[in-house]
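To start, the structure under review is shown below, and the notes come after it.
Should a chain be cited, it is by its letter among A, B, C and D, assigned in written order, with residues numbered from 1 in that chain.
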Amino acid sequence: MSSSLQIDKPIIELEKKIEELKRISKENNIDLSTEIKILSEKLSNLKRDVYENLTPWQKVGLSRSSNRPTTKDYIENICSEFIELHGDRLYKDDKAIIGGIGFIENIAVTIIGHQKGKDVKENIERNFGMPHPEGYRKALRLMKQAEKFNRPIITFIDTPGAFCGLEAEQRGQGEAIAKNLFEMSSLKVPIISVVIGEGGSGGALGLGVSNKVAMLEHSIYSVISPEGLASILWKEASKASEAANIMKLTSKDLYELKVIDKIIKEPLGGAQEDVEFTAKNIKEYILEEIEYFKNQKKEDIISQRYNKFRKIGYNL
Amino acid sequence: MSSSLQIDKPIIELEKKIEELKRISKENNIDLSTEIKILSEKLSNLKRDVYENLTPWQKVGLSRSSNRPTTKDYIENICSEFIELHGDRLYKDDKAIIGGIGFIENIAVTIIGHQKGKDVKENIERNFGMPHPEGYRKALRLMKQAEKFNRPIITFIDTPGAFCGLEAEQRGQGEAIAKNLFEMSSLKVPIISVVIGEGGSGGALGLGVSNKVAMLEHSIYSVISPEGLASILWKEASKASEAANIMKLTSKDLYELKVIDKIIKEPLGGAQEDVEFTAKNIKEYILEEIEYFKNQKKEDIISQRYNKFRKIGYNL
Amino acid sequence: MIKKLLNKEKEYAKVSINKNFKNKSVDDKFWIKCSSCNNDIFKKEVEENLNVCPKCNYHFKFSARERIDLLIDEGTFVELDKDLTSINILNFPEYEEKIDKYSKKTKEKEAVITGYGKLCGIDVVLCVMNPDFMMGSMGAIVGEKITKGIEYAIENQLPVMIVSASGGARMQEGIISLMQMAKISQVLKKLSDNNLLYISILTDPTTGGVTASFAMLGDLIIAEPNALIGFAGPRVIKQTIKQDLPEGFQKSEFLLEHGFIDLIVDRKDMKNKLYKILKIHGY
Amino acid sequence: MIKKLLNKEKEYAKVSINKNFKNKSVDDKFWIKCSSCNNDIFKKEVEENLNVCPKCNYHFKFSARERIDLLIDEGTFVELDKDLTSINILNFPEYEEKIDKYSKKTKEKEAVITGYGKLCGIDVVLCVMNPDFMMGSMGAIVGEKITKGIEYAIENQLPVMIVSASGGARMQEGIISLMQMAKISQVLKKLSDNNLLYISILTDPTTGGVTASFAMLGDLIIAEPNALIGFAGPRVIKQTIKQDLPEGFQKSEFLLEHGFIDLIVDRKDMKNKLYKILKIHGY
């Protein structure tokens, strides 16, 4: 991602400089510790400065960056046990959405999430995290099972959007997403969602009609991509950064709009800098919310979720 | 159907002879009324004789014959109003199964049935009444709706079997039928089925887990086709008529085995000879059964259906 | 989701009656050329035929008010929440101006009209999206009005009909418009759990977030002939697959074949068909 | 449904270990040729490897009793209804003789063994179809025994596992065998309505009426590698479409890809995986 590189550029330069000083110090046996210390502090400040003041467009870049941790990374770090389950029992196993059952601490959960690839090959296999209808149908199947066996549902949201292809249309992309919104709204178990990367439109919402929705600090959630909006407004996709500015797609914006319930802290530099730290924060959040819903009646779980979405829009 | 022609042969010859005498009588102004009367009586007896003593294999022929009335014919004759509804909301509208809502007298019902074609073109469109998985899924969708709106469900069974093709397997023919058996077993509305032609194996049962199952007099219901059984037993499909003899596939056999609840009378010569008469008999049967279930509790409707199938086999 | 909406604006205008005037003769006021069969047709004849081409049965756009008159018994329609108007939640540039422009043009305050009335004597709730108002796009008010309409139906145990005509979510309201999909879908679930009937009626065009929510959630889904119905718009799909789309792709007839709608009903037969369906459902 | 069952008999025998002896040398007693990878393998090595080829992981047939020993803790299995035997309801020619023959051959009375026991200490109901008994075909007794097993699970609130291996319905019992599909499916619905777990385990071959009923109704569906799983058998499909079937068609891996099974588990890992699944389901 070019935007992500731009963010890192001054930081990387400074890091290189420090390495250089260390090397010189060692090779020539000169004491440069004062200089190194000063630069290290500067680096630390620079990092904080950069990452606490990211523009929306820079966050878009970060949320999409190829080294950003994915659903699988978080599952591995959060679950003591996880068994992936496959298939919609209708047409296909869509690898753009994964799901399964496992334990977080000693709590049995169902986890479902969009899954992007780590490299080109895996991205092709996973269609860059853009599901076909069967992905949503698999998700719903697993959610219904979670309800049957009384397991909380965790969803990780990370997709550019539902796939816009011929076959996806033919097999009912709209129907599949709609059915999920419809059915999720009355599930008798708590649903807790975390936007971990891109929350792309209906394709994201298809896993997001939840009791609680959190976002990782640098993730985004929007009705359309900035490129898409720019090409509509100004007929120029290249003005995406301007579009991003007006869209209110950052975690902070969405928290202020009361569309999300929580911003989960990322390490300085973004989630990829310390997956374990990020996963720990996510895990704490999930456990807290599960604890909150643990002794609630099924009707209350349903009506809390219902009221959350009922309010959005008109009474803002 | 060659077998069907064989049944009719002596009858048709006699009918021709009578016509001939009538023509001669008229053209030559001769009184042949006595001869005609005798032959007419003979014809009547012959018909009764033939159709009351059909061999199982002749019934197979009759049940498959191309002029045998289909689901559509009965719907037209039974319903004062019918609106066909389409699609499984997943993949396709399978024309081998039709379904919809309507009135019988003033009772709202959902009707679903296998649909064969009247000619080659329609048979290709309807795949000769052999459904793909989406046919069963459409049926289930409509049955669930019937349950929601508290309508009795009528199914007409008439299929050589579920289609044995590559795509049918790929899209889960087994899963689709299994799901129907599973879900039908606990529907809260009465399901009344009539086998009107061929009841071919799992493809028939997929619409047949019902509170009451009737068969038209000359229809059949079996686990495999006689040709199929013959080719297994004697490696000769041509010995199908022998196979039919041992299979117990006629309405009389199945009534004695307590697998069906009722034999519905056909006119002399078979249902096609008088569709209205046959339809009237079917309609009476359906109304009687609906009346029977009308004031029953939902649990009782479910347990009556459950017990019906629970008993089959072991306690025979 | 929004993209195709604006992209389609021009294409859409093509089928509008006024734009079909040939500008070169004095006959222009009286004749239009059908964009489907290319016949020249007497304009009045089309209008009297409910904006359906009398030669080829092509169904042109039809306004929300006319739709209500077509479906609801005269004098029985009571509109709900008609004064609700959008606020610019995101401070989106020029949004207020846009709303103003469409309000003046259509004499409506939002892209949906909701209310209750009688259909052949049967009490129903009817929501009709207005394709002339910002392409029938769905923002907070559209979501709110439809939700309130359905809530009214639940309170009064009435069946609901929604006539969709929309380019999808309204991008000027960003994430808030997206969330309306969830809001309406969940109240429809509540309606369904009350065993009340919901008939979704799809007209040209029904796309984006509307397709991915209430449009596809009907107990029965009915479409007018030749309506474009899809999640992604044809232009976006073409860009994605880098190929031409097959003839008739995403049209009502295509969706019927692929199992997503129950039946296609001509505009002129719609009221009668709805009446029969309502009767069968015990209303 | 039955046709492929008998047609397959020969093909099936091919993969049985004893038939893979090369008859020409004194080594025959010790070596077999794997029908999948064509390697010569020390027979004992295969047997000790649970009838799985140590070179290519091809899963050969495995008897019902061995399966029970594999999955259930030693000494805890209690068999149910073991003396139920088929009666010739239809007076089908030579049926009794056939039953006799298979009873002698397998020392079992029917094509399924049912009972309860402990899996890593967890109480479960287990039904295992016996592919050696009339190709694991399903007649009234198979239907009855599985039904009773599930009823036992409902009474005692236990999870159910069924290991399928079947050519489908048993044609010698005609319509009665067909009706077992409904009988078992409905008791599984009852189990499900009790929120009890049902794990369906598919082994080679699972076809016909078994596939079109309980095999496909698991909350979780697990398959062994390279099992043939389908409604119609490959031969019948080939006849229908008059074309060769694609490589791997109807194999476990194909079904996984097409969304019909949850996971593929090696025989040696099966017990451990089931244990984990049971734990996650609160047993």
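The rule we apply is simple: a contact is a pair of C-beta atoms (placed from the backbone, for glycine too) under 8 Å apart; a residue touches a chain by one contact, two chains touch by 3 or more.
Each chain and its UniProt protein: A, B = Acetyl-coenzyme A carboxylase carboxyl transferase subunit alpha; C, D = Acetyl-coenzyme A carboxylase carboxyl transferase subunit beta.
The structure presented is a predicted model; accordingly, all values stated were derived computationally and were not measured.
*Asks:* Using the touch definition up top, find the fewest steps from chain C to chain D.
*Replies:* When the steps are counted carefully, the minimum from chain C to chain D is 2.
*Asks:* Could you tell me which chains make contact with chain A and chain D both?
*Replies:* B
*Asks:* So, comparing C-alpha centroids, which chain is the farthest one from chain D?
*Replies:* Here the answer is chain C, farthest from chain D.
*Asks:* Counting C-beta pairs in contact, which chain pair has more, B-C or A-C?
*Replies:* When A-C is set beside B-C, the one with more contacts is A-C.
*Asks:* Roughly how many whole angstrom separate the Cα centroids of chain A and chain B?
*Replies:* Measuring from centre to centre gives 55 Å for this pair.
*Asks:* Just the number, please: Cα centre separation of chain B and chain C in whole Å.
*Replies:* Computed from C-alpha means, the inter-chain centre distance equals 42 Å.
*Asks:* Per the centroid of Cα atoms for each chain, what is the distance between chain B and chain D, given in Å?
*Replies:* 34
*Asks:* Taking each residue of chain A in turn, which ones touch at least two of the other chains?
*Replies:* 89-91, 171-172, 175
*Asks:* Can you list the residues of chain D that touch 2 or more other chains?
*Replies:* Where chain D meets two or more other chains at a single residue, that happens at 192, 216, 258-260.
*Asks:* Output every touching chain pair, sorted by label.
*Replies:* Between chains, contact exists in these pairs: A-B, A-C, A-D, B-C, B-D.
*Asks:* Show which residues of chain A lie in contact with chain D when the two form their complex.
*Replies:* 81, 83-94, 101-103, 108, 134, 138, 145, 148-150
*Asks:* In the complex, go through chain A and note every residue touching chain B.
*Replies:* Residues in contact with chain B: 89-91, 137, 171-172, 175.
*Asks:* In their complex, what parts of chain B are in touch with chain D?
*Replies:* Residues of chain B touching chain D: 162-166, 168-175, 177-179, 181-183, 185-186, 201-202, 205-206, 208-209, 221-224, 228-229, 231-232, 246-249, 254, 257, 259, 305-306, 309-310, 312-314, 316.
*Asks:* Taking the touch rule as given, give the residues of chain C at its contact with chain A in the complex, in rising order.
*Replies:* Touching chain A from chain C are residues 1-3, 6-7, 84, 87, 89-93, 139-141, 143-144, 147, 169, 171, 173-183, 185-190, 192-193, 208-209, 211-217, 230-232, 236-237, 240-241, 243, 245-246, 249-250, 258-260.
*Asks:* In the complex formed with chain B, which residues of chain C make contact?
*Replies:* 192, 195, 197, 216, 219-220, 256-263, 273, 276-277, 279-282
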